[in-house]
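You will see two complexes here that share chain A, one where it goes with chain B and one where it goes with chain C.
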Partner chain A sequence: MAFDLNLTTLWLLFAGPLWAAVGLLLLPRAGSSKSADEAIPATRLQIAGVISGFALGPLGISLFYIAPALIRRATLAAGIVLAVFLASQALVRVTDPQLPSVLWLLLAGPLWAGIAAYFIPRQYRAVEANDDNVLTAAALGGFAIGPLIFGLMWKHSPKISRDWMIAFGSLGAWQIYTLFAIHNPSNPCVAAPFHITYLTQQTANGVVIGTIYSLMAVGLTLIYSVQGIVSFAHGQLYMVGGYFSFYFLLFGSDALSRATGVEISINPILGIPVAGVIVFIIGAVFERVFLKPMHDGLIERVSEYAILITFGFGFFIEYTTLAIAGPFPQRTDRFIEIRRFTFPRTQITDDFFFGPINIIGDRAFAMVIGIVLIFALLYFLQRTWTGRGLRATSQDRQAAAVTGINPTNMNTLSFGMGSMLAAMSGAALIPIFAWVPWVGAEMVGRSYVIVVLGGLGSVPGALVGGIIVGIVEALGAGCHPDPSRGAAYKEAFALVIFALVLLLKPTGLFGREQH
Partner chain B sequence: MALFKRVENAIDASIGRRRLGYIALSLITLYFLWFPNDASQSDYYKTVFISGFFYAIMASSWALLAGIAGQFSFGHMAFMGIGAYVAGLIARDGILVAALGIQVGPDYISAVGAILIGTIVAGLVGLVIGWLLLRLRSAYLALFTIAFSELFRIMMLTEYDYTGGSNGLSLRQLLEIADVGVARQVEYYLMFFLLIVCLLAMYWVANSPIGLFLRAMREDEDAASALGVNVVRYKIAIFVFTSMIVGLAGAIFYSDVGSERIIPEQLEVLQMSLIIAYAVIGGMESLIGAAAGAFICRYMLEAMRKVVIGLPFGMTTADGSTEFVWEPGAWRYALFGVVTVFTLRWMRNGLLYPFITWFSGRDIAMKETVSIRADDEAAPDALEGGSA
Partner chain C sequence: MNRKALSLSLIALMALLALFPLGIAQADEDCEFADYTITLGGLAPMSAPGAVAGGVAMDWAFAQAAADINAACGVEIDGAHYQLEVITGDSEGSPERGQAVAERLILEDEVDGMVGVYHSAVGLATMGVMEENGIPTIFSEPWNDNVSANGIREFDGAAPRFDDGIDHIFRISPTSSMVGSVVTDWLIALGVQDVILIVENTDYGQPAAADEQARLEAAGVTVSQIDIELGTEDFVPILSRIQARAMPPDAIRIVVTGETSFNLTQQMAELGIAPTPETICVTNQIAFQHVQYWATVPDGNYCAFNRVGIIPSLFNELAVELNTGYEEAFGDIVPSFGMASYDAVWMMKDAMERAGSYSDAAAIVAAIEASDITLTQGRYYFDYGAHNPDLPEGTPAYMWHQWPDPIVTVMQYFEQGQSSLEAAVVYPEVYQTHGSAYIAPGTSP
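Here is the complex of A and B:
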């Protein structure tokens, strides 16, 4: 093992742990000196001390000491990211690939994850402790620290909070990143000094595209929260939304040009409401004809019927579009003429700089549209009578019916609006992607990942999930050692997360209990 | 109607509907056995029939898994692909188990051996996936299997060094017959007998106590479990069973029997949706219905490539032809989608259901599902009278 001793390594080896220990001792005292009603659990204070001490040294500790109210999940997560980043920076410089960590990650980690996930929840049930999230924590912990997880969780059966999972998950991610860095030292994601810029660039791309993904996923989650069904026609409605926008712009521009005698092309932004309105009507009619009988109790085995009928509907839409529009890729004009927004390069020290970071103009514009629409939806759900009715129906249909909300209309509205959001995101993306009738199949897979990750039925969950999926896809595709395979595996990265979430925590990050 | 009723009564009095049904079934079987000897039929339709048999196996095994056992798996095509790809890879590269020191060169593996290994591997993967699926229900189960199937497809597409990527993978030829005409006949009979064997095996499972347990679990898993049905065991067992059937069918079909090579495109969700649509149109809760539905749909989709209608009364089209020609292209799939959706909504048990019930003389599916339980979801609608 050879170390290239520099400032980060020194920090990691000596100063970081020192300050972490100081934080561990110091911060719980801060918490206990406060009044009882805003008491923060001692475990969390200890974690905060370790993380802030390690990541920012005396600065972090004093920050939390002065304002313990800042000790929240978000700040802790940010601290962990920083700490993990610092630690990995030092370990990237370990040049010997024959580390036991290779063996650990490939063989022992998953093995211990499986063993812990099998035995620890049983132990919890045996001692009748609260076993919420225990499976997830045990699997992540087994992967991160191996048999030591039994020492932590077996005897005392502590109640598992989200902090446990964040800690174990970050540790596991850090191990994977380190191993990756050791084996691919020249990869742009790890090779200094460009890698920070590169990672930021990829993350920015991921956030931009993830926001648009989440617009589509929000529609899915809206339908689920009110009706309790997953729409398998969502991808096709997204696709057909793009096509409605495309044909509206095509024929609209043509008609305007002919009427005025001047060459006019309509901006694609106008296609978004048009596609939204048309698909809203399609979705609402479909709901009235095919899904209403389900809620009227005319159909047995409701959940299976819902899967099949939406699936068949999507099938029909896809082939009808193929018959009408043909298999040729289509694309509309751009939203804006600006090709890209650039954040300029910043020189921080002599051998360390940051940037430039580019964001493609149209994608940034689509992201803005996505954010505006999601906030409009949130406003609708939170502030208007109808929106509140939707939320009330999603929480308790009977109680909502008693207070004068018509659940049948709310069903139709939710399916129509969900479909409308899919169509709008389709119309927002047709200037960016080449549009073919089977474009929806790929996209809807992402939406499923997003809604399950964020928790089926949760709107903020869909937003967070969309951004996570966008980042994972961008980083996965950007960091894969073989660029062409990385692009091909783009979807696969999200699907792996999806499978893991379904197995470990089907309710997702923000989800309610499974109906 | 009165005439129909009288004929019905006459049949009931003389040979009985059930026996008539068996006679009809044996006549159809005889027709299929005779079909490749029909000199007037082109090789093209023999190929269509072969693929029809293959899809009949796929659809009926999916009907067993989803219709009878209630597990809505979208991973059926992926298990078919596992069988075919494993058989192909083993026949090409041999087996290497480095840890045990086993190395078998490709020369020592026959086509049949490769197909059997492919089937077993499909079953083993089915075991793992079936175990993972135990925790998941309805929509979650469907989503997980979609993810699994897509992951498998992407892997097969991307690892082109091993699998040939989008060009596909050629399996070892199962039948090495030089004469094309004879080969086509043998392939036809092979696929047909495979279909018969699979159907018999599945009927045996569906009519055994296991089938009864599966139906009980489909209706109410907790109640079945409380009454002593080993839910875990039967859920996994049926998943493994259907995975092995489709793995076997896939490995045989792509060993140059029905198709030269397996391509990842075959594993797309869209292909899976075709299988589901076949099973739905034929009848999800009847194995023979799903098989017949798949075969008929397959045949119709091929036959509708070009629709020629002779115009009556000496009418002519605009360009003077006496025939109206329509090439539907993607429209036939769109039409197919309409049929699927309408079947689901108004003929839940499939379009063939009336025939099957008539011949069997009893209302199988109705008896099972007649009790429409008053779900909690249905309740608020009773309250909503004055709320609109």
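Here is the complex of A and C:
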């Protein structure tokens, strides 16, 4: 096949149009912040946005965003020349019989996404229709069905439900999959007859690890929703939860063995509540001592203080643990003695089979623990008086106080519970991963992505966000055209989804607007 | 706290501080030490993302060597005895951080020599700093070939690192090529045809894998490479990709260090990919630390691993003594980089004594080149350097200022929870302990 799907081509066809759309959306905002004398016509800014985005990507957009005055005819002319040159290069590279589909999926799709995302919300506002979710639906629809989206959404401006986005998103995903299949026919994600099994395997891998990610992210989102701060100690609380479980099992098993004279090994599942309780107390005490003054108005620069104090707390935990536990990796016994669950290969027709699907036993068990804990938390938040108090405080502290809820106690409870959830996820994972005092660093970075993806403050959002991140990472690593690089880019795939969600739905999937 | 309590606390603290030097003096009361203390800078990864477990072992070895040297009346130069101290600097496994720490050790702490370094990236980044400042240096763990080769040839477009006729950098760990050749020779001897290399994306992993790939392909073996980032915990998606192959590979070779290699090996075993009757598992040398290995890779029985350093059955008296101390401190067998770090400090002491100076870098370098001393890892000497600058044709450039005799073996566990002292040495044949080049899963030698 003559089509060369290398980085340059990807830039020219995919990233270029995408950045053009970003430039189209962003640059007019830069111009609007200038005084009347300095104002630059919006059309010129839009054109500059498209050209600079296509030709130079984020660099060009940033340049004009910071200094819109740079947009002069000469600059634009140079940009046009460059853009035309790049576009012609793209056409030269694409000499494939599949040219129409390639052009559509890589070039026209993103371009129509940008155009639809720009114009359709304006039309909704012009006819005074509800424009919730319109930006997202328009962008996804533009990508999936191009100019037809205007026929669907422009004239009647229908109310956009989540179903619209799911439909457009699925259609867009199918198109990307088709393009991928054209250019990577031997990739296990598309090569029949094994691809269904393989995709199911990778999706299952993603759901299992994603649910575990969610458990940690839920704690972070709980703290944010009530206190409005991001805990930078969350990764270390996750780590120390694992260690509390480890030492409880170690000393507990030893004490029981000595007391009974029989070798007894406590199941790691018992370490989970123990770690949770200990870290709940640590978190609650920390909140009372170090965060309460912030809520009491004793701290001048609250945001900076919250960052620094939680950061410092995290450092303290990590290095204290390093001093006590040492740097050598630890791990507890298994939850269950089944190494892996296997769904056997099943012949469906002469040409088609399904399976085998393998799930590591302890991971499946940890996933179940994660689901149970998340649903227990949801029950607590929805059905108990204290849980409702937490939710009320997260929505309006003053109104909650009027109804008899003590916001100070709710702050302590939220930080304690958030820390507890981090610790319990750590205790659930120490039978699965080699545990070292810096093990939280990778996990916490992913948690921040998950909570923003799901919507800051949303518990269901954290659950869904975690599963999405898990699936995207698994499919990204498993389907990457270059098998040698798939694993190295694993975390980057989740960040791409994260960036797209921020672009299309800045509040996250389940987040609410801040008023 | 009232004033009286505060005063009492201060007095107690001062008394404690006063006792400290007294204790040291008492320990060395037989020796008459000069006022000056010779200091060496020890570079080791003491915090993440570096291999902290390795750094802690190296730091312990530095301190142990200094304590042993001081207990033997320190460094004797022209009849005067000098105490020796090693100041450990935390490289964090990062080249930038390593450079900054090396500069701080040289310029602020004014060290007289440098030892240590675990990560190749740190070695490559810091060797210029040591060279610029004329600090004699003995690296004890970085493997990248260019660490020693750069003494005589261009590296990444840069000229050979010394232009004043003195190259200050020496290495007593093996090179990646030395290690790779043993593992690949073993795999070729076993007749494998299809190998997957899982490689960390670092200055150690990539060149080492490139070298192994070239050797295997030269022998007609098909090689696929998978790159991973250090610190990754979940490898199941990429391992599922290996499982999706039409035929399982003959061997999977893990060129990954630290706990990342433990996670990878365990997940590979849990998924039933390797070790299996079809697929040989060759994991990282850190598997030799059997306590850590079995704690984190409980399903890793029958995995082979490359072992660097002298095999336990050949430990000399000094090595046994060091190992006993290490086992008391950490409950595990002393790793090769611990032994090499210990030896590097002793080699520096020996060179300073023979040079008759702790500050004349040229004399110390010449003395290191002329080293002939037996320590925990065996007899140290350097074939090529300013004393013998012409490498014969066919001799790799990395042999410059390189200890030529590090022992590299392939070992294999064959019982669950087995001590590495009892694991089988399977290659090279001359070191074989159980008469077998490979122990198939489910069998015993």
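FYI, the second predicted complex is superposed on the first by the 320 of 515 C-alpha atoms of A that agree within 3 Å, B and C clash if a C-alpha of one lies under 4 Å from a C-alpha of the other, contacts with A are read in each partner's own complex, and residues count from 1 in each chain.
As a working rule, contacts are C-beta pairs under 8 Å (C-beta built on N, C-alpha and C of every residue); 3 or more make two chains touch, one makes a residue touch a chain.
Note that the coordinates shown come from a computational prediction; the quantities given were computed from them, not determined experimentally.
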Superposed on chain A, are chain B and chain C clashing or fitting side by side?
clash
Just chain B (first), just chain C (second), both, or neither: which does A:Val402 touch?
first
Would you sort A:Arg391 into first (chain B), second (chain C), both or neither based on which partner it touches?
neither
Between chain B (first) and chain C (second), which does A:Arg331 come into contact with in this model arrangement: first, second, both, or neither?
second
By the touch definition at the top of the document, which applies to A:Arg162: first (chain B), second (chain C), both, or neither?
neither
So which one touches more of the residues on chain A, chain B or chain C?
B
Mind working out whether A:Arg288 is in touch with chain B, chain C, both or neither, as first, second, both or neither?
neither
For A:Asn358, is the partner it touches chain B (first), chain C (second), both, or none of the two (neither)?
second
Give one of first, second, both or neither to describe whether A:Ala488 is in contact with chain B, with chain C, with both, or with none.
both
Tell me which partner A:Pro188 touches in the superposition: chain B (first), chain C (second), both or neither.
second
Is A:Trp438 contacted by the first partner chain B, the second partner chain C, both or neither?
both
The only stretch of chain B that collides with chain C once the two complexes are overlaid, out of 205-213, 259-267 or 295-303, is 259-267
Hey, what residues of chain A end up touching chain B and chain C alike?
322, 438, 441, 485, 488, 491
Give the list of chain C residues in touch with chain A in this complex.
47-49, 52-53, 55-56, 201, 224-229, 231-238, 240-241, 243-244, 259, 262-263, 266-267, 270-272, 289, 291-292, 295-296, 298-299, 330, 332
List the residues on chain A that touch chain B in their complex, please.
228-230, 232, 289-290, 293, 295-309, 311-320, 322-323, 397-398, 400-402, 404-409, 438, 441, 445, 448-449, 452, 485, 488-489, 491-492, 495-496, 498-499, 502-503, 506, 514
Once bound in the complex, which stretches of chain A touch chain C?
188, 194, 198, 201-202, 205-206, 209, 322, 326-331, 334, 339-340, 358, 360-363, 433-434, 436-439, 441-443, 473-478, 483-488, 490-491
Sort out for me which residues of chain B touch chain A in the complex.
66, 70, 72, 132, 135-140, 142-144, 146-148, 150-151, 154-155, 157-158, 218, 268-270, 273, 276-277, 280, 328-331, 333-334, 336-338, 340-341, 344-345, 348, 369, 371-375, 377-381, 383-384, 387-388
